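One structure, pasted below without further comment.
Just so it is clear, A, B and C label the chains in written order, and each chain counts residues from 1 on its own.
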Amino acid sequence: MRTLILADFGFLLLAARWTIVLSAAAFFGGGVLGLLIALARVSQTRALRWLAIGYIRVFQGTPLLLQLFLVFFGGDMLGVPLGPWISAVLGLSLNAAAFLGEIWRGSIQSVTIGQIEAARALGLHYLPLMLRVVLPQALRVAIAPTVGFMVNLVKSTSLAAIIGFVELTRAGQLLNNATFRPFLIFGTVALIYFVLCWPLTVASRRMERRLATAYRR
Amino acid sequence: MNYVFHFGDIWNAWPELLWGTLLTLRLSALSMLLSLIVAVFGALARTSGPRPLRALVAAYVELIRNTPFLVQIFLIFFGLPTVGLRLDANTGALIALVLNGSAYTIEIVRAGIESIPHGQVEAARALGLHTLQAFRLVVLPQALRVVVPPLGSQFILLMLNSSVVSVISADELTAAAQDIQSRTFRAFEAYIVATAIYFGLSMLFTAAFASIERLAFGRPVSR
Amino acid sequence: MRRFYCLFVLALLLLPYRVAQAQTVDEILSRGTVNIGVLVDLPPYGILNAQQEPDGYDIDVAKLLGKYLGVKVNLVQITGPNRIPFLVTNKVDLIVATLGVTPERAKQVLFSIPYSAIENVVFAPKDKKIGSIADLKGMRVGVPRGTVQDVILTQALGSDAKMARFDDDPSTYQALLTGQVDAIAETGLTGDQFYAANPGPGIERKFTLLQQPNGITMRKDQWNLHQWVNTFVYFVKNNGELDVLYQKWFHKPLPNLPVF
């Protein structure tokens, strides 16, 4: 046992860095995969649609904690040792992809079918149709809920603590084990998360309101 | 990979898993029910309460929604006793889930209330109904149509979230899987089976909520 | 054709990773490092020191093991719930983490002959009269999940006591300190330290549940490494080096360790 010193709060801040890096990496990975899922979900091919639906159901229908466990060690089970870093990012990305895929599917479907038919009639193929007609409009609708989801993603990195990845929550746990000042330590940890998440929440809400006003007009 | 799966130890522990599943269901249902009650009052306070109360509820919602559930649990279970408030694990887990879930359900219910144009309430008042009656007879039935689908998703989120409470020794399905794995060292098998059970429950409830929506509101499933 | 390309790219991606899973002593020697899983939340067996580095009796044993192997030691921090997945997926070669030897666990892993022994002690506040397992009836009893003490107390008490099972040791100790359980069964020396540092609620040792020998833990098929680790434990026990480490952390001589 030792006493809590000021430097320990520096330790927490340093660990918060890993929370940010982990969130950013998972957002990137989840974004790429999520886009593919959203496109598969609205695709003309039935098999692709079913595949996307199945994926979303599985990752939205099971606890993230258990997903992280299985993905964290799953690579090694299949003979592909990934290391703790990539495993944690992969686990969070796979989960984020399911949620981002659903959000973006909704945004894509908010583009009216008439426009798509018009673009087809003009002879646009899949790629230009998506890139020049559908996605730019979908993006406008998608951005607010996407930023809102980033809050969830930052919070869900805390579960990586249970599988031993040292980010903000795990750092708080380790510090508390050594000094036993739970109220102060976890209060500080919660405050740091709040500082990370709240601006995103506010930004998402602003954008949502702006979009709603735009549509009312 | 040379790992050999052995589910024997897990099947032998089926009473533990079944019990864990029942506890997860009970914990989720109870916390959903309680957070709904909190949410109705919270949403009313948030939309039509006095200004300080409105601010208080808003602050509560923001604080909860912008911090991880895991940290909230640690604060409630390990933090509160140091300032004199002691809860056993299962009560602590229930309270944590209700506190957390309420913040989300308040927003769902509020969106439902705000989806009703204020003119309707005014009309009801003009017809001689008092506030509570106007709420019960005019706002609530219409708001229900708006809130039931997101409440269904919220219930499933809450159930999946409850898997985290095993860290404070509360009893539920993930805790049962953890018990089995630390006794037998068969971690993958235990986690795979638990994941499958959660998945089954999610599918079951998704289907159940869809039929409730269909029966109650006679509309096709929204998705 | 497109599918072929996809598979090809996938294979390329996977290729560089197909290395390093040391099963035998030779493989560890040729790799030059040994990955050892340790706990950092069970003082004085494993802690994080003020430099946030792993330290403690188990860590010193791990380092000694590396010295005798003649390779670099890479300490990997594990937690209660993930320790066995770390081992069986080759993320570590072996675990030195105060793991109690039981036949049920030995179906899944290999234990070395004991390298340490802990007293499994029941702790409770002074005002509770507890002298035996039977006195725990009707109480809330905290244990770390699936440990030897968990199995013993669950079998003896059944539904007569409310067992509270925690993922790790610190949570168990803290739950007693904060009064969320009435008693706990835990590692004696760790509890002595923890409750001496937090004397508030007046928690003391009630009785010793058992002496629990702990083994270094390996995968089921690491027979070759297992034989070497047994030889190592036997050797450092005889030449007194293990005793020196034990004295350093516990200020008493190494207890008599059984062999099997």
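Note that a contact is a pair of C-beta atoms (placed from the backbone, for glycine too) under 8 Å apart; a residue touches a chain by one contact, two chains touch by 3 or more.
Remember, predicted model here, so these are calculated numbers, not experimental data.
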More C-beta pairs touching across which pair, A-B or A-C?
-> A-B
The chain whose C-alpha centroid lies farthest from that of subunit A is chain C
Return the distance between the CA-based centres of subunit A and subunit C, expressed in whole Å.
-> 34
Inter-centroid spacing, subunit B versus subunit A (mean Cα positions, whole Å) | 21
Quick one: which residues in subunit A touch 2 or more of the other chains?
-> 69, 73, 76-77, 79, 162, 173, 176, 182
Multi-partner residues of subunit C (each touching 2 or more other chains) = 81-82, 85, 89, 167, 174
Going by residue number, subunit B touches two or more other chains at 3, 78, 82, 167, 187-188
Interfacial residue positions of subunit C with respect to subunit B in the complex = 80-82, 84-85, 88-89, 104-105, 107-109, 140, 142, 144-147, 150-151, 164-167, 171, 174-175, 178-181, 221
State the interface residues of subunit A toward subunit B in the complex, per the touch definition above.
-> 57-58, 60-67, 69-70, 73, 76-79, 151, 155-156, 158-159, 161-162, 169, 172-173, 176, 181-183, 186-187, 189-190, 193-194, 197-198, 201
Flag every residue of subunit B that touches subunit C in the complex, lowest number first.
-> 2-3, 9, 77-78, 81-82, 86-89, 92, 166-169, 175, 178-188
What part of subunit C is in contact with subunit A in the complex they form?
-> 14, 17-18, 20-21, 40-41, 43, 47-48, 50, 52, 77-79, 81-82, 85-86, 89-91, 167, 170, 174, 177, 193-194, 197-198
Would you mind writing out the residues of subunit A in touch with subunit C in their complex?
-> 1-2, 11, 69, 72-73, 76-77, 79-82, 84, 162-164, 166, 173-174, 176-178, 180, 182
